[in-house]
Amino acid sequence: MALATPPQERLRAEIEQFYARHMQLLDSGDAEGWARTFTEDGTFALPGRPGPSRGRAELAEGARRAFAGHTAAGETHRHWHGMLDISARDDGTVHVRCYALVVLTPRGGDPRLHRSCVCEDVLVTVGSEWQVRTRCVTRDGA
Amino acid sequence: MALATPPQERLRAEIEQFYARHMQLLDSGDAEGWARTFTEDGTFALPGRPGPSRGRAELAEGARRAFAGHTAAGETHRHWHGMLDISARDDGTVHVRCYALVVLTPRGGDPRLHRSCVCEDVLVTVGSEWQVRTRCVTRDGA
Amino acid sequence: MALATPPQERLRAEIEQFYARHMQLLDSGDAEGWARTFTEDGTFALPGRPGPSRGRAELAEGARRAFAGHTAAGETHRHWHGMLDISARDDGTVHVRCYALVVLTPRGGDPRLHRSCVCEDVLVTVGSEWQVRTRCVTRDGA
(Lines give C-alpha, C1' and ligand atoms only; values in the text may rest on other atoms or scores of the structure.)
Protein backbone atom coordinates (compact mmCIF):
# COMPACT_ATOMS: atom_id res chain seq x y z
CA MET A 1 0.00 0.00 0.00
CA ALA A 2 1.20 3.48 -0.78
CA LEU A 3 2.77 5.26 2.18
CA ALA A 4 3.08 8.59 0.46
CA THR A 5 0.56 9.96 -2.00
CA PRO A 6 2.00 11.11 -5.31
CA PRO A 7 1.11 14.59 -6.55
CA GLN A 8 -2.36 14.72 -8.04
CA GLU A 9 -1.20 14.90 -11.64
CA ARG A 10 0.82 11.73 -11.21
CA LEU A 11 -1.97 10.01 -9.33
CA ARG A 12 -4.56 10.84 -11.98
CA ALA A 13 -2.27 9.70 -14.79
CA GLU A 14 -1.63 6.41 -13.01
CA ILE A 15 -5.33 5.82 -12.28
CA GLU A 16 -6.39 6.63 -15.83
CA GLN A 17 -3.73 4.35 -17.24
CA PHE A 18 -4.82 1.66 -14.79
CA TYR A 19 -8.47 1.86 -15.87
CA ALA A 20 -7.57 1.86 -19.54
CA ARG A 21 -5.67 -1.42 -19.25
CA HIS A 22 -8.14 -2.85 -16.76
CA MET A 23 -11.10 -2.36 -19.08
CA GLN A 24 -9.24 -3.38 -22.22
CA LEU A 25 -8.32 -6.65 -20.52
CA LEU A 26 -11.96 -7.23 -19.60
CA ASP A 27 -13.34 -6.34 -23.01
CA SER A 28 -10.80 -8.46 -24.88
CA GLY A 29 -11.72 -11.52 -22.87
CA ASP A 30 -8.55 -11.82 -20.77
CA ALA A 31 -10.50 -12.74 -17.66
CA GLU A 32 -7.45 -13.87 -15.65
CA GLY A 33 -5.43 -10.80 -16.57
CA TRP A 34 -8.36 -8.64 -15.57
CA ALA A 35 -8.86 -10.48 -12.27
CA ARG A 36 -5.19 -9.84 -11.41
CA THR A 37 -5.93 -6.10 -11.45
CA PHE A 38 -7.89 -6.70 -8.25
CA THR A 39 -6.22 -7.48 -4.95
CA GLU A 40 -6.11 -11.17 -3.97
CA ASP A 41 -9.24 -10.66 -1.88
CA GLY A 42 -10.77 -7.97 -4.10
CA THR A 43 -14.53 -7.60 -4.17
CA PHE A 44 -16.95 -6.47 -6.87
CA ALA A 45 -20.55 -5.71 -5.96
CA LEU A 46 -23.05 -5.44 -8.80
CA PRO A 47 -26.73 -4.64 -8.51
CA GLY A 48 -29.15 -7.54 -8.55
CA ARG A 49 -26.66 -10.00 -7.09
CA PRO A 50 -27.06 -11.59 -3.67
CA GLY A 51 -23.52 -10.57 -2.67
CA PRO A 52 -20.25 -9.31 -4.15
CA SER A 53 -17.83 -11.48 -6.10
CA ARG A 54 -14.76 -12.04 -3.94
CA GLY A 55 -11.23 -13.04 -4.89
CA ARG A 56 -9.57 -13.43 -8.24
CA ALA A 57 -10.88 -16.90 -9.07
CA GLU A 58 -14.47 -15.81 -8.65
CA LEU A 59 -13.87 -12.50 -10.44
CA ALA A 60 -12.23 -14.26 -13.37
CA GLU A 61 -15.01 -16.83 -13.53
CA GLY A 62 -17.63 -14.08 -13.74
CA ALA A 63 -15.71 -12.21 -16.43
CA ARG A 64 -15.13 -15.40 -18.42
CA ARG A 65 -18.80 -16.31 -18.31
CA ALA A 66 -19.89 -12.81 -19.32
CA PHE A 67 -17.43 -12.70 -22.21
CA ALA A 68 -18.51 -16.13 -23.43
CA GLY A 69 -22.11 -14.95 -23.38
CA HIS A 70 -21.30 -11.84 -25.39
CA THR A 71 -19.29 -13.83 -27.88
CA ALA A 72 -22.08 -16.37 -28.32
CA ALA A 73 -24.51 -13.49 -28.88
CA GLY A 74 -22.18 -11.84 -31.40
CA GLU A 75 -21.80 -8.76 -29.21
CA THR A 76 -18.80 -6.55 -28.53
CA HIS A 77 -18.89 -4.77 -25.18
CA ARG A 78 -16.71 -1.75 -24.38
CA HIS A 79 -16.43 -0.33 -20.89
CA TRP A 80 -15.77 3.38 -20.59
CA HIS A 81 -14.91 5.07 -17.30
CA GLY A 82 -15.20 8.82 -17.12
CA MET A 83 -15.63 11.85 -14.87
CA LEU A 84 -13.21 10.41 -12.31
CA ASP A 85 -13.52 12.02 -8.89
CA ILE A 86 -10.28 10.85 -7.29
CA SER A 87 -9.48 11.31 -3.63
CA ALA A 88 -6.37 10.10 -1.86
CA ARG A 89 -6.88 9.11 1.78
CA ASP A 90 -4.46 9.26 4.67
CA ASP A 91 -4.29 5.48 4.88
CA GLY A 92 -2.78 5.32 1.39
CA THR A 93 -5.95 4.14 -0.32
CA VAL A 94 -7.42 6.04 -3.22
CA HIS A 95 -11.18 6.38 -3.57
CA VAL A 96 -12.65 6.92 -7.01
CA ARG A 97 -16.25 7.71 -7.82
CA CYS A 98 -16.82 7.79 -11.54
CA TYR A 99 -19.34 7.19 -14.29
CA ALA A 100 -19.22 4.07 -16.41
CA LEU A 101 -20.78 3.29 -19.75
CA VAL A 102 -21.04 -0.02 -21.51
CA VAL A 103 -21.25 0.35 -25.28
CA LEU A 104 -22.64 -2.73 -27.00
CA THR A 105 -22.24 -3.41 -30.70
CA PRO A 106 -24.03 -6.39 -32.21
CA ARG A 107 -22.38 -8.16 -35.12
CA GLY A 108 -23.32 -6.27 -38.27
CA GLY A 109 -25.21 -3.62 -36.34
CA ASP A 110 -24.85 -0.18 -34.83
CA PRO A 111 -23.47 0.49 -31.35
CA ARG A 112 -25.80 1.42 -28.53
CA LEU A 113 -25.55 2.33 -24.88
CA HIS A 114 -26.13 -0.82 -22.88
CA ARG A 115 -25.49 0.44 -19.35
CA SER A 116 -24.94 3.74 -17.58
CA CYS A 117 -23.53 3.20 -14.10
CA VAL A 118 -21.80 4.82 -11.18
CA CYS A 119 -18.67 2.99 -10.06
CA GLU A 120 -17.10 3.44 -6.63
CA ASP A 121 -13.67 1.90 -6.21
CA VAL A 122 -11.13 1.68 -3.45
CA LEU A 123 -7.72 1.29 -5.04
CA VAL A 124 -4.45 0.38 -3.40
CA THR A 125 -0.91 -0.04 -4.65
CA VAL A 126 0.68 -3.46 -4.37
CA GLY A 127 4.35 -3.10 -5.20
CA SER A 128 4.34 -0.63 -8.07
CA GLU A 129 0.86 -1.55 -9.31
CA TRP A 130 -2.58 -0.23 -8.64
CA GLN A 131 -5.23 -2.79 -7.81
CA VAL A 132 -8.93 -2.65 -7.00
CA ARG A 133 -9.65 -3.67 -3.43
CA THR A 134 -13.37 -3.01 -3.51
CA ARG A 135 -15.75 -2.01 -6.27
CA CYS A 136 -19.37 -1.13 -5.94
CA VAL A 137 -21.41 -0.45 -9.08
CA THR A 138 -24.91 0.97 -9.21
CA ARG A 139 -26.91 0.98 -12.41
CA ASP A 140 -28.90 3.98 -13.61
CA GLY A 141 -32.55 3.24 -14.17
CA ALA A 142 -32.62 0.35 -11.68
CA MET B 1 -7.20 34.40 -10.09
CA ALA B 2 -4.06 32.46 -10.88
CA LEU B 3 -1.00 34.65 -11.33
CA ALA B 4 1.20 31.84 -12.54
CA THR B 5 0.01 28.99 -14.70
CA PRO B 6 0.83 25.54 -13.39
CA PRO B 7 2.56 23.08 -15.73
CA GLN B 8 0.14 21.56 -18.21
CA GLU B 9 -0.01 18.16 -16.50
CA ARG B 10 -1.02 19.78 -13.22
CA LEU B 11 -3.48 22.08 -14.94
CA ARG B 12 -5.16 19.25 -16.82
CA ALA B 13 -5.39 17.11 -13.68
CA GLU B 14 -6.98 19.98 -11.77
CA ILE B 15 -9.46 20.77 -14.55
CA GLU B 16 -10.47 17.14 -14.99
CA GLN B 17 -10.95 16.73 -11.25
CA PHE B 18 -12.95 19.95 -11.24
CA TYR B 19 -15.31 18.79 -13.98
CA ALA B 20 -15.77 15.39 -12.38
CA ARG B 21 -16.98 16.90 -9.11
CA HIS B 22 -18.85 19.68 -10.87
CA MET B 23 -20.93 17.26 -12.93
CA GLN B 24 -21.43 14.77 -10.12
CA LEU B 25 -22.84 17.58 -7.99
CA LEU B 26 -25.22 18.53 -10.78
CA ASP B 27 -26.34 15.00 -11.55
CA SER B 28 -26.88 14.11 -7.90
CA GLY B 29 -29.19 17.07 -7.41
CA ASP B 30 -26.90 19.22 -5.25
CA ALA B 31 -27.92 22.40 -7.03
CA GLU B 32 -26.38 24.75 -4.45
CA GLY B 33 -23.10 22.83 -4.35
CA TRP B 34 -22.99 22.90 -8.12
CA ALA B 35 -23.76 26.64 -8.29
CA ARG B 36 -20.83 27.29 -5.95
CA THR B 37 -18.50 25.89 -8.60
CA PHE B 38 -19.26 29.02 -10.61
CA THR B 39 -17.93 32.43 -9.64
CA GLU B 40 -20.33 34.69 -7.74
CA ASP B 41 -21.29 36.35 -11.02
CA GLY B 42 -20.81 33.27 -13.19
CA THR B 43 -22.84 32.96 -16.38
CA PHE B 44 -24.20 29.97 -18.27
CA ALA B 45 -25.57 30.43 -21.77
CA LEU B 46 -27.65 27.63 -23.22
CA PRO B 47 -29.21 27.50 -26.67
CA GLY B 48 -32.84 28.45 -26.96
CA ARG B 49 -32.77 30.78 -23.97
CA PRO B 50 -33.27 34.54 -24.23
CA GLY B 51 -30.09 35.20 -22.21
CA PRO B 52 -27.58 33.46 -19.97
CA SER B 53 -28.27 32.49 -16.37
CA ARG B 54 -26.21 34.78 -14.14
CA GLY B 55 -25.09 34.37 -10.56
CA ARG B 56 -25.29 31.43 -8.18
CA ALA B 57 -28.89 31.90 -7.10
CA GLU B 58 -30.15 31.79 -10.65
CA LEU B 59 -27.82 28.93 -11.59
CA ALA B 60 -28.93 26.90 -8.59
CA GLU B 61 -32.58 27.59 -9.35
CA GLY B 62 -32.17 26.32 -12.91
CA ALA B 63 -30.35 23.19 -11.76
CA ARG B 64 -32.93 22.52 -9.05
CA ARG B 65 -35.80 22.84 -11.48
CA ALA B 66 -34.13 20.60 -14.05
CA PHE B 67 -33.34 17.94 -11.45
CA ALA B 68 -36.89 18.03 -10.11
CA GLY B 69 -38.18 17.55 -13.62
CA HIS B 70 -35.92 14.55 -14.24
CA THR B 71 -36.86 13.03 -10.91
CA ALA B 72 -40.56 13.48 -11.63
CA ALA B 73 -40.06 11.84 -15.02
CA GLY B 74 -38.10 8.95 -13.49
CA GLU B 75 -34.97 9.86 -15.43
CA THR B 76 -31.33 9.78 -14.44
CA HIS B 77 -29.12 12.24 -16.31
CA ARG B 78 -25.34 11.95 -16.46
CA HIS B 79 -23.16 14.69 -17.88
CA TRP B 80 -19.89 13.64 -19.48
CA HIS B 81 -17.21 16.10 -20.54
CA GLY B 82 -14.54 14.89 -22.90
CA MET B 83 -11.92 15.86 -25.47
CA LEU B 84 -10.83 18.85 -23.38
CA ASP B 85 -8.88 21.42 -25.35
CA ILE B 86 -7.34 23.44 -22.51
CA SER B 87 -5.50 26.70 -23.01
CA ALA B 88 -4.05 28.87 -20.30
CA ARG B 89 -4.09 32.60 -21.04
CA ASP B 90 -1.73 35.31 -19.90
CA ASP B 91 -4.40 36.90 -17.73
CA GLY B 92 -4.56 33.77 -15.59
CA THR B 93 -7.82 32.51 -17.03
CA VAL B 94 -8.08 29.08 -18.55
CA HIS B 95 -10.20 28.51 -21.63
CA VAL B 96 -11.64 25.07 -22.27
CA ARG B 97 -13.45 23.91 -25.37
CA CYS B 98 -14.76 20.40 -24.96
CA TYR B 99 -17.48 18.01 -25.97
CA ALA B 100 -20.32 17.17 -23.61
CA LEU B 101 -22.76 14.31 -23.63
CA VAL B 102 -25.87 13.87 -21.56
CA VAL B 103 -26.76 10.23 -21.02
CA LEU B 104 -30.37 9.71 -20.00
CA THR B 105 -31.66 6.52 -18.41
CA PRO B 106 -35.38 6.15 -17.80
CA ARG B 107 -36.48 4.12 -14.81
CA GLY B 108 -36.52 0.48 -15.84
CA GLY B 109 -35.15 1.27 -19.30
CA ASP B 110 -31.94 1.42 -21.28
CA PRO B 111 -29.67 4.46 -21.39
CA ARG B 112 -29.61 6.67 -24.45
CA LEU B 113 -27.79 9.76 -25.65
CA HIS B 114 -29.94 12.74 -24.83
CA ARG B 115 -27.65 15.58 -25.88
CA SER B 116 -24.37 16.05 -27.69
CA CYS B 117 -22.95 19.52 -27.12
CA VAL B 118 -19.90 21.70 -27.35
CA CYS B 119 -19.05 23.50 -24.12
CA GLU B 120 -16.83 26.57 -23.96
CA ASP B 121 -15.78 27.61 -20.48
CA VAL B 122 -13.65 30.33 -19.02
CA LEU B 123 -12.30 29.08 -15.71
CA VAL B 124 -10.54 31.05 -12.99
CA THR B 125 -9.05 30.15 -9.64
CA VAL B 126 -10.56 31.70 -6.53
CA GLY B 127 -8.32 30.90 -3.63
CA SER B 128 -7.25 27.34 -4.30
CA GLU B 129 -10.38 26.41 -6.26
CA TRP B 130 -11.30 26.44 -9.89
CA GLN B 131 -14.60 28.08 -10.77
CA VAL B 132 -16.51 28.68 -13.99
CA ARG B 133 -16.74 32.36 -14.87
CA THR B 134 -18.53 31.94 -18.17
CA ARG B 135 -19.99 28.93 -19.94
CA CYS B 136 -21.43 28.81 -23.41
CA VAL B 137 -23.02 25.60 -24.62
CA THR B 138 -24.12 24.85 -28.17
CA ARG B 139 -26.20 21.82 -29.00
CA ASP B 140 -25.49 19.54 -31.93
CA GLY B 141 -28.43 19.18 -34.28
CA ALA B 142 -29.91 22.57 -33.36
CA MET C 1 11.42 12.25 -32.47
CA ALA C 2 11.62 12.37 -28.70
CA LEU C 3 14.99 11.28 -27.35
CA ALA C 4 13.88 11.24 -23.76
CA THR C 5 10.43 10.22 -22.63
CA PRO C 6 8.69 12.72 -20.38
CA PRO C 7 7.26 11.47 -17.08
CA GLN C 8 3.97 9.67 -17.54
CA GLU C 9 1.83 12.49 -16.19
CA ARG C 10 3.31 14.92 -18.69
CA LEU C 11 3.08 12.40 -21.51
CA ARG C 12 -0.58 11.65 -20.80
CA ALA C 13 -1.45 15.34 -20.56
CA GLU C 14 0.25 16.02 -23.88
CA ILE C 15 -1.42 13.08 -25.62
CA GLU C 16 -4.87 13.97 -24.29
CA GLN C 17 -4.44 17.58 -25.36
CA PHE C 18 -3.24 16.37 -28.74
CA TYR C 19 -6.29 14.17 -29.30
CA ALA C 20 -8.67 16.91 -28.16
CA ARG C 21 -7.37 19.35 -30.76
CA HIS C 22 -6.93 16.64 -33.37
CA MET C 23 -10.56 15.55 -33.15
CA GLN C 24 -11.96 19.06 -32.85
CA LEU C 25 -10.13 19.99 -36.06
CA LEU C 26 -11.63 16.97 -37.82
CA ASP C 27 -15.16 17.53 -36.54
CA SER C 28 -15.15 21.23 -37.36
CA GLY C 29 -14.19 20.55 -40.96
CA ASP C 30 -10.62 21.83 -40.87
CA ALA C 31 -9.35 18.98 -43.02
CA GLU C 32 -5.95 20.56 -43.73
CA GLY C 33 -5.37 21.45 -40.07
CA TRP C 34 -6.28 17.91 -39.12
CA ALA C 35 -4.01 16.38 -41.76
CA ARG C 36 -1.10 18.40 -40.36
CA THR C 37 -1.47 16.51 -37.08
CA PHE C 38 -0.14 13.48 -38.95
CA THR C 39 3.49 13.17 -40.02
CA GLU C 40 4.23 14.04 -43.65
CA ASP C 41 3.99 10.36 -44.55
CA GLY C 42 1.38 9.47 -41.92
CA THR C 43 -0.96 6.56 -42.58
CA PHE C 44 -4.53 5.87 -41.55
CA ALA C 45 -5.98 2.39 -42.04
CA LEU C 46 -9.73 2.02 -41.80
CA PRO C 47 -11.72 -1.18 -42.14
CA GLY C 48 -13.30 -1.90 -45.51
CA ARG C 49 -10.69 0.04 -47.45
CA PRO C 50 -8.27 -1.59 -49.87
CA GLY C 51 -5.30 0.12 -48.19
CA PRO C 52 -4.45 2.92 -45.78
CA SER C 53 -4.60 6.59 -46.64
CA ARG C 54 -1.03 7.88 -46.83
CA GLY C 55 0.34 11.41 -46.58
CA ARG C 56 -1.32 14.68 -45.68
CA ALA C 57 -2.87 15.43 -49.06
CA GLU C 58 -4.68 12.11 -49.13
CA LEU C 59 -5.66 12.35 -45.46
CA ALA C 60 -7.03 15.85 -45.94
CA GLU C 61 -8.93 14.79 -49.04
CA GLY C 62 -10.61 11.96 -47.15
CA ALA C 63 -11.52 14.22 -44.25
CA ARG C 64 -12.84 16.91 -46.57
CA ARG C 65 -15.02 14.45 -48.46
CA ALA C 66 -16.37 12.92 -45.24
CA PHE C 67 -17.17 16.34 -43.77
CA ALA C 68 -18.90 17.46 -46.96
CA GLY C 69 -21.00 14.32 -46.87
CA HIS C 70 -22.03 14.91 -43.25
CA THR C 71 -22.83 18.53 -43.96
CA ALA C 72 -24.94 17.62 -46.98
CA ALA C 73 -26.78 15.07 -44.85
CA GLY C 74 -27.33 17.60 -42.04
CA GLU C 75 -25.27 15.55 -39.61
CA THR C 76 -22.86 16.60 -36.88
CA HIS C 77 -20.20 14.02 -36.06
CA ARG C 78 -18.15 14.09 -32.85
CA HIS C 79 -15.18 11.83 -32.31
CA TRP C 80 -14.43 10.80 -28.75
CA HIS C 81 -11.25 9.01 -27.74
CA GLY C 82 -11.19 7.31 -24.36
CA MET C 83 -9.58 4.65 -22.20
CA LEU C 84 -6.12 5.54 -23.51
CA ASP C 85 -3.55 2.81 -22.91
CA ILE C 86 -0.33 4.76 -23.50
CA SER C 87 3.08 3.16 -23.74
CA ALA C 88 6.34 4.92 -24.46
CA ARG C 89 8.88 2.88 -26.40
CA ASP C 90 12.65 3.00 -26.30
CA ASP C 91 12.81 4.39 -29.84
CA GLY C 92 10.96 7.51 -28.72
CA THR C 93 7.64 6.54 -30.26
CA VAL C 94 4.49 6.37 -28.19
CA HIS C 95 1.94 3.66 -28.82
CA VAL C 96 -1.66 4.28 -27.88
CA ARG C 97 -4.47 1.75 -27.92
CA CYS C 98 -7.77 3.38 -27.10
CA TYR C 99 -11.49 3.24 -27.70
CA ALA C 100 -13.19 5.66 -30.05
CA LEU C 101 -16.81 6.63 -30.40
CA VAL C 102 -18.46 8.63 -33.12
CA VAL C 103 -21.57 10.43 -31.92
CA LEU C 104 -23.87 11.47 -34.76
CA THR C 105 -26.58 14.08 -34.38
CA PRO C 106 -28.95 14.68 -37.30
CA ARG C 107 -30.30 18.18 -37.76
CA GLY C 108 -33.32 18.55 -35.53
CA GLY C 109 -32.86 15.08 -34.04
CA ASP C 110 -31.35 13.26 -31.09
CA PRO C 111 -27.74 12.11 -30.95
CA ARG C 112 -26.88 8.46 -31.39
CA LEU C 113 -23.81 6.27 -31.36
CA HIS C 114 -22.66 5.89 -34.93
CA ARG C 115 -19.44 3.92 -34.44
CA SER C 116 -17.60 2.16 -31.66
CA CYS C 117 -14.00 1.47 -32.61
CA VAL C 118 -10.58 0.54 -31.32
CA CYS C 119 -7.84 2.92 -32.44
CA GLU C 120 -4.16 2.01 -32.42
CA ASP C 121 -1.78 4.89 -33.02
CA VAL C 122 1.94 5.33 -33.20
CA LEU C 123 2.74 8.90 -32.23
CA VAL C 124 6.00 10.75 -32.59
CA THR C 125 7.16 14.25 -31.72
CA VAL C 126 8.25 16.53 -34.53
CA GLY C 127 9.82 19.59 -33.00
CA SER C 128 7.62 20.28 -30.00
CA GLU C 129 4.49 18.71 -31.50
CA TRP C 130 2.98 15.30 -31.38
CA GLN C 131 1.94 13.80 -34.69
CA VAL C 132 0.34 10.52 -35.77
CA ARG C 133 2.71 8.36 -37.77
CA THR C 134 0.41 5.39 -38.17
CA ARG C 135 -3.20 4.81 -37.22
CA CYS C 136 -5.13 1.58 -37.46
CA VAL C 137 -8.82 1.59 -36.63
CA THR C 138 -11.01 -1.47 -36.24
CA ARG C 139 -14.75 -1.20 -36.01
CA ASP C 140 -16.84 -3.10 -33.47
CA GLY C 141 -19.53 -5.24 -35.04
CA ALA C 142 -17.67 -5.62 -38.34
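As written, the chains take the letters A, B and C, and residue 1 is the first residue of each chain.
Please note the rule applied: a residue touches a chain if its C-beta (ideal position, glycine included) is under 8 Å from a C-beta of that chain, and two chains touch if they have at least 3 such contacts.
No experiment lies behind these values; they were computed from the predicted model shown.
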Open item on the list: Under the over-half criterion for shared residue numbers, do copies chain A and chain B use the same patch or different patches to meet?
Closed with: different
Open item on the list: For the two copies chain A and chain C, what rotation in degrees overlays their C-alpha atoms? Round to the nearest 5.
Closed with: 120
Task: Centre-of-Cα separation between chain B and chain A, whole angstrom - done: 26
Task: Where chain A touches two or more other chains, by residue - done: 7, 9, 12-13, 82, 112-113
TODO: Going by the contact rule at the top, pick out the chain C residues touching chain A in the complex.
DONE: 7-9, 11-13, 82-86, 97-99, 101, 112-116, 140-141
Task: Footprint of chain B on chain C - complex, ascending - done: 7, 9-10, 12-14, 16-17, 19-21, 23-24, 76, 78-82, 103, 105-113
